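These are the structures, in C-alpha cells.
Each of the next two complexes has chain A plus one other chain: chain B in the first, chain C in the second.
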Partner chain A sequence: MSSESSLFSHRWLPALLLAPLMLLIVLFFYVPVFQAFYWSFFLEQPFGGGSEFVGLQNFQRVLSDPEFWGATGRTVVFMLTASSLAVVVPLMLAIAADRKIGMSYPARNILVWPKGIAGASIGVVFAFIFNPFVGLMAPLNSLFPGLWNPGIDGTDAFITLVSAHVWSGIPFNFVILLAGLRSIPPTMYQAAAMDGAGPWRRIFDVQLPLIMPQLFLTFVLEFTESITSVFALIDTITGGGPGGSTTLLVYKIYVDGFRGFDLSGASTQTAILMVFVLLLAACQFFFIGRRINYER
Partner chain B sequence: MTAIDLSIRAAAAEIALIGVTKSYDAKNTIIPPIDVTLRPGEFTVVLGPSGCGKSTLLQMIAGLERVSSGKIVIGGREVQDLEPKHRGCAMVFQNYALYPHMTVAENMAYSLKVAGVSKAERAERVGTVAKMLGLADYLTRKPSQLSGGQRQRVAIGRAIIREPGVLLFDEPLSNLDAQLRHDMRVELAELHRRIGATSVFVTHDQVEAMTLADRILILNKGHIEQFDTPKAIYHHPASVFVAKFIGSPPMNILEVEGDGSVLRLADGQVVANYSAKGKFQLGIRPEDIAVNEGGSIKTEIRYREDLGSHEILETKIADQNLRIAMPFGVEIDTTQTLSLSFPQARLHLFDGETGRAIANAFGDAHSAPVKEYQ
Partner chain C sequence: MVENARSINIVASILLAIGILYIVGPLYLTLSTASQSYEYMLRNGLAWVPGTELFANMGKVIHDTRIPVQMLNSMIVAFSNALATCALSFLSAYAIVYFRIRWAGVAFALILATIMLPLDIRVITTYQVASNIFSPLNAVLDFTGLNSLIEMAFGSPVQLELSVLDTHFGLVAPLVAHGTGTFLFRQFFMTLPKDLFKAARMDGAGPIRFLIDILLPLARASFASLFVLTFLSGWTQYLWPLVGASTPDMQTAVVGLARLVPDADGQVPDFPMIMAGAVLVSLVPLTMIAVLQRFLVQGLVLSEK
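So, the complex of A and B:
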C-alpha cells in the first residue's frame, strides 16, 4: 500500500481519475439494478401516472405463470448446452493451436477476429447461414424436404441459436485457454513423454489439470454471460419463435416490458434472473473454485 | 548408509551413437557426425560450455529430439525412430519438471500407471523408491510443498522407478545451492552404484564431471574433444580446449615458438627444451609451477588470492597471463621478483594451430600418449 500511495500523493487525483468510470457504472448498472428491485414490489402503470406498492404480489403472479417457467427452463437448457460448447469448442481449438502443427500460427490470429463483431451482426449472419432455402442446409433440405427449418421447427431454431452463441464465444475463451496452455513449461510434456504418455494421455493428465484455473474462469464467465448476451442473437435470428421455443428469460423480460408494457412483471423477472445469476456464480466458486489448484 | 534391499536394479544397456548428426537447417549444424559408445552400467558425464550441443545430444538419446541422420543403438536395438517410451530411458530434468497437480507418490508412479501396472504393485514400488531416497514421509505432499533438494529426489525417484536401462540427467543439480549440490552429488554416485543403469549426465560444471564420471565426454561445438576417465582428462588433456576447461584455476596456456632446440616466449625467455621448430602452445597447471627454486623465468606478482587451503598468484610473463597456485604455508614476499621454472615433466605441448596435444613431447612417463576415445 505504501508504495502505491507514494505513487499518487494527491488525495483527490485518484478519485478524479476514477470518477468517469464510477459514474458510468452507477448510472448504467447500479441504478437500473436498484430500480428493477424497487419496481418489482410496485405495480407500475403502463402509461405513467403513479405506482402502487403491492408487496410480493408481482412475484406471486410471475412465479405462477407457466410461460415464466417455460422460459426459465429454456434458459437453463441453453446455459448448459451453449456454455459448455462455448468452452469445449475453443478448448479443442486451443489445444490444436498450441501444438506446432501446420497453420497453428495464423490460426491463433484468425480465431480471435470474431471478437470484433457485434452480437446483432453475428445474429444476422447466422440467420442467413442457417436459412433453410439459401443457407448451408439448403442442399440437405432439397434431398430430405422439411429436414431443417428453424422458422417452423423449435429445435432447429434452438440449434441455430446455440451455434451462433458458441461461434461468438470462441475468441475470448480461445485466448484465455491458449494463454493457459502456452504457460505450461515444455519440459512438462517432455517428462510426460518420457513417462510413456502419448499425446492424448498428455491432454487429460497434464494439460487439462494444469489449465484448470483458466477453464474455471471461462466456465464461470460463460455460464453467467450466456444468459444475458444471447439477447442480441434471439432478437435478430428468431425473435423468440417459432411458437416461443427460443424465448429465453432475458428475451421474455424485454418482450413483457417493452412490448407488453408489463413493467412490474418485467422488473420482477429481472430481479429473479439477477438473483439466479448471482447464486449460480456463488455456487461455482463455492463448490468448484475452492478445489482448483493454482500452483504451478 | 544402512543396507537396503536392492529391489530397484536395472539391466544396464549399452548406448552406441553411430554417425549421429543434428542440424536445424543447412547452415546451423548443432552436432556434426558423432560416433561414441557408452559401456553398459557406465556413468558418462557430457561436459561442455553452454551451446556446445550437450543437451541436444541427450535429448536425441531420449527421443525428445529427432536425429538428422545416423543411428542410435540402445541395448542392441536401433531406437532413433522410436518414441521416447519405447527406448527404455528415463530422464531427470534441470527444473525437475514434476507434475504440480500430483502428489509425490503420484508423480513417481505416473509412468507405471501409464504402463498399466496394477495399483498394488505401483504402491509397492513407490514405497521402495521412496525409502531409498528418504521420501517416505512426503508421499502425500504436492511438489510445491517440497524443498529444492526434495523435489530433485522426487524427480530421480520418478526416473528410477521403472528400473530403466538408461538414466539421463540434464543438468539436474544446477538449480540447487552449493551445499545441497555437493550432498546430491554424493547421493547420485551412491545411487548409481546401487542401480547400475547406464547413466548419461549433462553438465557444464567440471566438479560434477570429475567427481561423478567413470568417463567424461567433453563436447565443443558438437564434436568430441576428448572422451576418457577424469584422471586421464586432467593429466593428459587432448587439446587446449580441454586443458582450459578442466581444473580450477585452469591450466595456463602460453604461446611459444620453437627454434629447433628450445621453446621461447615472445620476449625471448627460454621456458623448455624442445627439438622442433614452429609455433606451439605450452600448457602448465598452476600447481605445477616451481617458485623460487632457482628458475630462470622472472616475473612480478600482480594480484594474490588467499583461498585458505592454497593461494593463487596472478602474474604475467611475456604479456601473457600466468596463474600460480601456492600450497598453504609457503611464504612469498609479494614485493619481490619471483623466479619461476616449469618442470619439464609437468609440461603439456599443443600444436600452435590445431590446439591438439602433441603426445610424448617431452619424452617422459607423465606425458604418456593420449588415448583416443572409442
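So, the complex of A and C:
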C-alpha cells in the first residue's frame, strides 16, 4: 500500500470539519488584523460615523507623537528586562529542580500554581503588597520616608510590574525548561563526568547547550507574552502612571481607542505593534534560530 | 552515578526554597490579610498572621458585590472556551491529518498563524467586529458591488447587524479563534502508527467511525490536557472580557475583582475584603491545578513541541 492511500478521500467532509474553527478564525482573527491595517489609512469616526481615506497621515501623526515613542521605548525596556528575568529565573529553578534532592518534588508542584491565577488578580495582590502605606515596604518607609512609593516614583512602579510579570511567567517557562532538561540522556552526564567535568561544569557544558531549543522557544514566546499580557498588570497595579511612566504600547492603544475614541490612532498603533511583533519573531528565527543545533 | 555533589545540591535547595517562597509568599499574604478585619489592616498594614475574619470578609464579597454572578460568568466562559476549543480543534486537526486535501498545508498555516498575534494586541478591531459580526459580510457586499445590484432589485441594500458584545458567546468566540489546540492534536495524530489507520480501513471503518471509535478514545489524555489549559486561559482572561462586556452582570470574576479597588486615591481601600475576593476568584482554577496538575504540565509541554 502506498502512503497516499493511508488517507481518506472525501469531497466535502474535510471542509465541513474545518469550517467551524475556520469561520471563527476568519471572523475574529483575520478580519480584525486586516481591519487594523485598513483603518490605519483612514480617518475613522468613532463607532460608525463614516470614514475618509487619508493615506499616510495617521502614521505621520502617530510617528510624530512623543508619547508614542515614549510608550514604545518603555515597551522595549520592559520586554528586555521582564522577559529575560522571566526566562532566567525559571531556568535556574529548573536546573535546581532537575537534581534529585528533597526540595525538587514540592518545587515542581508549587511552581505551577501561578498558572491558575489571573494576571489581573495577582496585579490586585501586588498592588496591595507593594502599597507604600500598608504593604511590605511600609515599615521601611516610616524609617526612611520616600524610600518606596510606586504611586510617585516611576522606577518603583516599573519594578512592581516586572516582579509581578516574572511571578506569573514562572509556570510555563519552568515546565518547558524542566522537560528539556529531563530529556537529556543520562549517558551525556556520565560521559562528561568521565572526562572530569563536575556538576557545576556540566551545567554550562552539557545542560545549557542541550536545552538551547527550549530556551530559544521560551524566549520567542516570552517576548510577545511580555508585550501583551502586561496589560492586566498595568491596569490593576499602576493604571499607566505615575505620570505615564508605565504606559506601555498595549495600554496606550487601549486608552486611545476605548477612552479617547481615537480609532484611527489606535488602529495605526495596533498595526505598528503587529508589524513589530512579527518582525521580532522573524528576526529571532532567522538570526538566532539558525545557530541552534537541534540534533542530540 | 556516585560523586560528591554536595555544594551544588545545597545551592539548588536554597534556590528552590527562594523560588517557593516567591510563589507562595504573595498567596500567603493574600490569605492572611483576607482573614483580618479592616481596622486591623489600618493599624498594622498587611497581616503576617491569619485572623478570624476570613468568612466575614468573604460574606461581604458575596453579599455586597457582583462577584458571585461574575464567577458564574467566568465558569460559563472558561467551560465553553475549553469545550469548544477541544471539539473544534479536534475536528480540524482530524481533517488536516487524515484527509487527502490539497490545501491542508495552507489551512494549517492559516490556523497556526493565530498564535503569533494574541487577542490583546488586536483588541480594538476585534471589538468592532464583535459589535456587528455581519460587518465583514456587509463590507464584502459593498465592495463587490453586489449590494448595488441588490438595491436595484429589491429597493434597499443588505445591511445585516448583530452585536455579540455583552453576550457569553461574544466573550468566548474570540478566545476559541486560536491555533494551539489544532497544533496539539495534529502533533498527537502524527505520533500514531500508520498501521492503525490501515487496519481500521481494512475492517471497513469510514471516516466518521474511525474518528469516533478509534481516535476519540486514544486522544483522551490530549483532550484532558487541552481542556485544563483552555479552561485556565478562559478563566484568567482580562482585557477581552473588560471591553467585551460592559454591564457588571456580564463581566467575568477577574474583571469584577479588579473593579473592587476604588480608582480614587484618599482613603485606604478595604484590602481585607479585596483580598478575600482574590481568594474566592482564584479558588476554582487553583483547585483545578491541584487536581489535574499532571494534565496541565503535559499540556504545557505538548503545546510547545
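In this section, the second predicted complex is superposed on the first by the 277 of 296 C-alpha atoms of A that agree within 3 Å, B and C clash if a C-alpha of one lies under 4 Å from a C-alpha of the other, contacts with A are read in each partner's own complex, and residues count from 1 in each chain.
Note that contacts are C-beta pairs under 8 Å (C-beta built on N, C-alpha and C of every residue); 3 or more make two chains touch, one makes a residue touch a chain.
Keep in mind that this is a model prediction, so the values were computed, not measured.
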{"item": "Touched partner set for A:209, first chain B, second chain C, both or neither", "value": "first"}
{"item": "Chain B versus chain C as contact partner of A:111, first or second or both or neither", "value": "second"}
{"item": "Partner chain(s) touched by A:79 [first = chain B, second = chain C, both, neither]", "value": "neither"}
{"item": "Touching partner for A:188 - first (chain B), second (chain C), both, neither", "value": "first"}
{"item": "Which superposed partner A:91 touches (first chain B, second chain C, both, neither)", "value": "neither"}
{"item": "Which superposed partner A:18 touches (first chain B, second chain C, both, neither)", "value": "second"}
{"item": "Contacts of A:196 with chain B and chain C, given as first, second, both or neither", "value": "first"}
{"item": "Comparing the two partners chain B and chain C, which touches a greater set of residues in chain A", "value": "C"}
{"item": "Doubly contacted chain A residues - partners chain C and chain B", "value": "190, 193, 198"}
{"item": "Complex interface listing, chain A residues touching chain C", "value": "1, 3-4, 6-10, 13-15, 17-18, 20-22, 24-33, 35-36, 39, 47, 89, 92-93, 95-97, 99, 101-104, 106-107, 109-129, 131, 133-136, 138-139, 151, 167, 170-172, 175-176, 179, 186, 189-190, 193, 198-200, 214, 217, 224-225, 227-229, 231-232, 235-236, 239, 250, 253-254, 257-258, 263, 266-267, 270, 273-274, 277-278, 281"}
{"item": "Residues of chain B defined as touching chain A within the complex", "value": "59, 62-64, 83-85, 89-91, 93-95, 97-101, 110-111, 114-115, 142, 144, 158-159"}
{"item": "Chain A-touching residues of chain C, taken from the complex the two chains share", "value": "1, 3, 5, 7-9, 11-13, 15-17, 19-20, 22-24, 26-27, 29-30, 33, 41-42, 45-46, 88-89, 91-92, 94-96, 98-101, 104, 107, 110-111, 113-114, 116-118, 120-131, 133, 136, 173-174, 176-179, 182, 194, 197-198, 206-207, 210, 232, 235-239, 242-243, 254-255, 257-258, 260-261, 263, 265, 268, 271, 274-275, 278, 281-282, 285-286, 288-289, 293, 296-297, 300-301, 304"}
{"item": "Contact footprint of chain B on chain A as seen in their complex", "value": "185, 187-188, 190-198, 201, 205-206, 209-210, 212, 293, 295-296"}
